[in-house]
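Next come two complexes built around subunit A: one with subunit B, the other with subunit C.
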Partner chain A sequence: MTDTQTGAVPEGEPVTTQLVPPELPGIDKRDAPSAPGKRQSGSEGRVLNVFSHAFLVVWGLLVTLPVLWAIMTSLKTDSEILKSPWALPDELKWNNWSRAWQDANMGDYFMNSVIVVGGSLVGTMLLGAMAAYVIARFEFPGNRFIYYLFISGMSFPIILALVPLFFVMDNMGLLNTYHGLILVYIGYSLPFTVFFLTSFFRTLPTSVAEAAILDGASHTRTFFQVMLPMAKPGLISVGIFNFLGQWNQYLLPTVLNTGEGKQVLPQGLVELAATQGYDGDWSGLFAGLVLATLPVLAVYIVFQRQVQAGLTAGALK
Partner chain B sequence: MQHGKYRFIVGFLALPLAIYAVFVISPFVQAIYYSFTDWTGLSSDYSWVGLENYDRLLDDEIFWKALRNNLLLLLVLPLVTLGLGLFFAFMLNVGGKRRRGAVIAGVRGSGFYKVVYFFPQVLSIAIVAVLFRYAYEPTEGGALNGFLRAIGLDSVQPLWLGDPDLALWCVMAVMVWCNVGFYVVLFSAGMSSIPRDFYEAALLDGANRFTTFFRITLPLLWDTVQTGWIYMGIIALDSFAVVQIMTIGPGGPDYSTEVLSFYLYTKSFRDGQAGQATALGVALLIVTLIFAGIVMRLGRRERLEF
Partner chain C sequence: MDQTISPLLGSSGTFLPVKGPLTMATVTFDQATRVYPGSERPAVDKLELDIADGEFLVLVGPSGCGKSTSLRMLAGLEDVNEGAIRIGERDVTHLPPKDRDIAMVFQNYALYPHMTVADNMGFALKIAGVPKATIRQKVEDAAKILDLTEYLGRKPKALSGGQRQRVAMGRAIVREPQVFLMDEPLSNLDAKLRVSTRTQIASLQRRLGITTVYVTHDQVEALTMGDRVAVLKGGLLQQVDSPRNMYDRPANVFVAGFIGSPAMNLVEVPIVDGGVKFGNSVVPVNRDAIAEAANKGDTTVTVGIRPEHFDLVNGETKSLSKDDKAGLAVTVNVVEELGADGYVYGTAHVGGQDKDLVVRVNGREVPMKGETLHVVPRAGETHVFSTSTGERLTD
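And then the complex of A and B:
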């Protein structure tokens, strides 16, 4: 897991050094012996370069065009959309956006998502870190069992649990409530969080915590004031992972949170798509879609390096 | 001291374990139990029926269709997604024009490509599915057929999701679209940690870059590829959101995009056959475990340290 951190976080660095070779004086010395090979494959390099750029550009277009199409469509009138899906609008219809935000309740769905994910993210991080710390750092009977109990949750298909879960929630009066959804999000985020943070806490030096205990700090205080600050890089990675997973969650709210006006953003968007689709109101629908996209797009553009590192952290070992 | 330690351990574990047990573990265990009952999900009475639900699955044509679709997804999706991911990552890291000094070089702007490619990964699958449902729309307004008309292919206007032979491939294309970027970033990170001397030595020995890919890059990345394979397989075995939101029916014309997860959902929340649905879920779990087992076994090879 140390590799996860060292390998994933400064992930762009090697690329920049490749782009600016003069910064690597060590390599220049080796230039002479590699010269014959260079001459042989010089044209191969050029062909490959053109070839790779062509493919890379094509995929880049495939990724961006649907998104640009959605943004463009959200600013057109319905008749313009139906006449020609790829033509630019005569004028930008910003009121589609305000219509979707207010009349189609996207604003409410957004606030619901903020409340639910705000609660569940704090809960997941706190409870996940507490459990992971105890599992990573303390010997006690059942330690291994509890660890494997947690990580086994990563391999089960959630949908299998969904039917009984619905009735568990129903019996506890938690269906269609914010706190019910928050508890479920926490439960299903714990396996990965505990798995990731357990191995992260294991990599941290023990000496600092021991010193704090010797100085008379309680275990609880040591955890909050010494260990949590030390674990910050790991907490950020797994926090981003959980934020996106919970913010984008669709399956759980679709089954467990169907109350009128309680919908979270992805769920609200799908309902909007159903109603507006039948009405032929494509402009309102696409405005809703773009509004649902903007928050994550903004987060991604600002924190792209951390987001990439956070989401891939679990797969790099 | 010892006493305080145990109180601390219990205090820290109690709440996370309780939440996990109530909302995750107990529903899973109950699901397996219910799969042997005739529970409807609508009332609280049910009786034990043994293997009847499983027996009925074997005669259920839709179940076999869903399973077949899931297996096809399981075969094609990881292959295409990881293949493209490896290809683009290799292009980004090694495909560049050779500059003074460096033996291998990434293409110019590789950071930018990665930012763009990764973007679909941060979108909710619900957003992606709604977007593509309308992009695939065959009538006026649909982006794909609109594009075909714009380049003069007026006669080529497929029904996309409405065509039983095409619908599942449309689903796959969307899932490839959102996942390739993740693997490009993942494999790029792996590739950039491979020591450059390895490439230097191979190129000096006269290997071209395609040989270096199969002889150096792929073997050294094998662990990551294997993990990615399992990730992608789990995504393929789920596919719930894309099928439910995007496909016609939902489930596609003539069940052409039916998958186990969505069939389970309709069985329990529409048809009132919760017991039967949980049996389906257990079947899905078994497929998942077999798949993970196969990948682990196939992937077992000597670990290369570098």
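And then the complex of A and C:
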């Protein structure tokens, strides 16, 4: 190209007209490689987008379908479940639920779970928040030691503690009692709660607590009326986490809470499944399962927003 | 105006009170010292400061100079390791913050995010057990002063920065404390709002007549708002004086360079007979000052001249040698035009080395870049400091 151009100049042709055409392909050439490049990166993004969305759709189906199937199955008759497990029920058998609630004692188990988890959740959150607040905001000798003590509690496998825990509880007369199980749940949940809330309290502005102190608030009032409300997103996040863990806890009650009439939901469900043996009440089992799942689902739906806020809190400040 | 209330009795002297409230809310720092744990050097070193009743005192200095620490010591948020702090006759050195009868405005406002504006402002009174009707009355009064009445039901996050700042002020006002403490309350506002809020706070303080200690790093804020200004550096008090005196008679090189914008030109020049040699001119300087410098064994002094105190000469006054023009030759590097004035940033050859100088010129007769100006310091507007100690030598 350049050769033909230089060859053309000495012929006395107007330079401007000559210069324009060779420049155009030059521009074209410069644009040509970049344009497909852009298109490629655009399509790459789109491909990635399609894949990620497809992945999320698959993931969503994996999570929701079993739940929906369980709910559907809980409304079928036993013969329907065994003959056509994937079909919709002919009619909705709501009496499965009432049978599970009453005859299979799911109602009692449910109440036991509510009492134990209610008590332990309140205790865990209160004690955890108080411990975390002090560790996060006050300088005193041994502060770090206490913090790492909690952290090490997190890394300790609970299964190793089961047998000694059983004897300790036995000696103190706490076996097969609500308050015994509540205390164990609190002890079991505190390490993570303290760990999580300590870092959360550290992100809260110091000056707000100082303002409260200058306003004449005592430490107690500063904690309950100023700092605790500010920590709400963190409290809700870790509260839900603890609720899930304690509601679904099976190992600890199996060992420490074997008394008739004191058993909690997971134990009840296992009982229901174990007595299937010969004469199965499949519909009742599914109804019980769905009943046990509902509170968890409800908590998630209600506090969904706050969980997100809690998980991202501190990222932007 | 405020000139009537400044019969100063010395650098740390006290004012005659203009109007006398029933309780005298003076504030006294008596050799107050704060050493942070794990640090050798005190953050605040033997601070000696008397603040009169109803006075607006501004603590100013570069970051890390101990101004905020001093304020927090007065608030009770920081321990006092040595010395004492008194409010009126009361020794508050080791009192908890709530017993000191003070209110503080924080830099980030520190509003309670989950409470409404009214609850934020009334929180202290609620804790003190004041009846609800009284709290509401006081909050509404303060809201009226601060133009916040229509926002009383809102949460802080639904307010603009300026409104939040006013809520923080309101929270302090509602308590009717003996002393207001303000820790850079304007630094989170945009430039325009800062200027207007500055005057609002100052006039509000005059109206309420409550002793105020105000911390800022902005020397313009300090000069415009304070009855007196205290300059700190490295935990040490440099000078306490009225803004006028601070500008006219800086106590040392640091204060001279810190107060005033653009900063004062500080040039080290040799001592000659009858004054100091400034370029091709001899600038007359007080004999005592020269003598004092000579006694210390210095052969040079540091002369400070504000950019506005240079006169342009173009060979009119007499010079040392007949060949050269009078005054100091300044080569123009940059010119900042501000409309009314222009600031020339130039280089001059002083005392054997190149020195950057700032000169204020008439806004209508701004020189071009690369030109050479000849300037002489205006007589009587020079500041002479000891080169070795940095202390002021002239009166």
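Basically, the second predicted complex is superposed on the first by the 230 of 317 C-alpha atoms of A that agree within 3 Å, B and C clash if a C-alpha of one lies under 4 Å from a C-alpha of the other, contacts with A are read in each partner's own complex, and residues count from 1 in each chain.
One rule holds in what follows: contacts are C-beta pairs under 8 Å (C-beta built on N, C-alpha and C of every residue); 3 or more make two chains touch, one makes a residue touch a chain.
All figures in this text were calculated on a predicted structure; none of them were measured in a lab.
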Taking the superposition as given, does A:V116 touch the first partner, subunit B, the second, subunit C, both, or neither? neither
When the two structures are overlaid on chain A, which partner does A:A287 contact: first (subunit B), second (subunit C), both, or neither? neither
Touching A:T220 in the superposition: subunit B (first), subunit C (second), both, neither? first
First (subunit B), second (subunit C), both or neither touched by A:A211: second
Looking at the overlay, does A:F55 come into contact with subunit B only (first), subunit C only (second), both, or neither? first
Tell me which partner A:V63 touches in the superposition: subunit B (first), subunit C (second), both or neither. first
Touching A:P229, do we find subunit B (first), subunit C (second), both, or neither? second
Which of subunit B and subunit C A:M106 touches, first, second, both or neither: neither
On the superposed three-chain arrangement, identify whether subunit B or subunit C touches more subunit A residues. B
Where subunit A meets both subunit C and subunit B, residue numbers: none
Going by the contact rule set out above, which residues of subunit B touch subunit A in the complex? 4-6, 8-9, 11-13, 15-17, 19-20, 22-28, 30-31, 34, 41, 84, 87-88, 91-93, 95-108, 110-111, 113-127, 129-135, 140-143, 146-147, 150, 177, 180-182, 185-186, 188-190, 192-193, 200, 203-204, 206, 208-209, 223-224, 227-228, 231, 234, 237-238, 240-241, 244-245, 261, 264-265, 268-269, 274, 277-278, 281-282, 284-285, 288-289, 292
Residues of subunit C defined as touching subunit A within the complex: 75-77, 96-98, 102-104, 106-108, 110-114, 123-124, 127-128, 171, 175
Contact footprint of subunit B on subunit A as seen in their complex: 7-8, 11-16, 18-19, 21-22, 24, 27-28, 30-31, 33-34, 37-38, 40-42, 44-46, 48-49, 51-53, 55-56, 59-60, 62-64, 66-67, 69-70, 81-86, 127-128, 130-131, 133-134, 138, 140, 146, 149-150, 153, 155-157, 159-168, 183-184, 186-188, 190-191, 194, 218-220, 223, 244, 247-251, 254-255, 265-267, 269-270, 273, 277, 282, 285-286, 289, 292-293, 296-297, 299-300, 304, 307-308, 311-312, 315-317
With touch defined as at the start, can you tell me which subunit A residues reach subunit C in the complex? 205, 207-208, 210-217, 221, 226, 229-230, 232
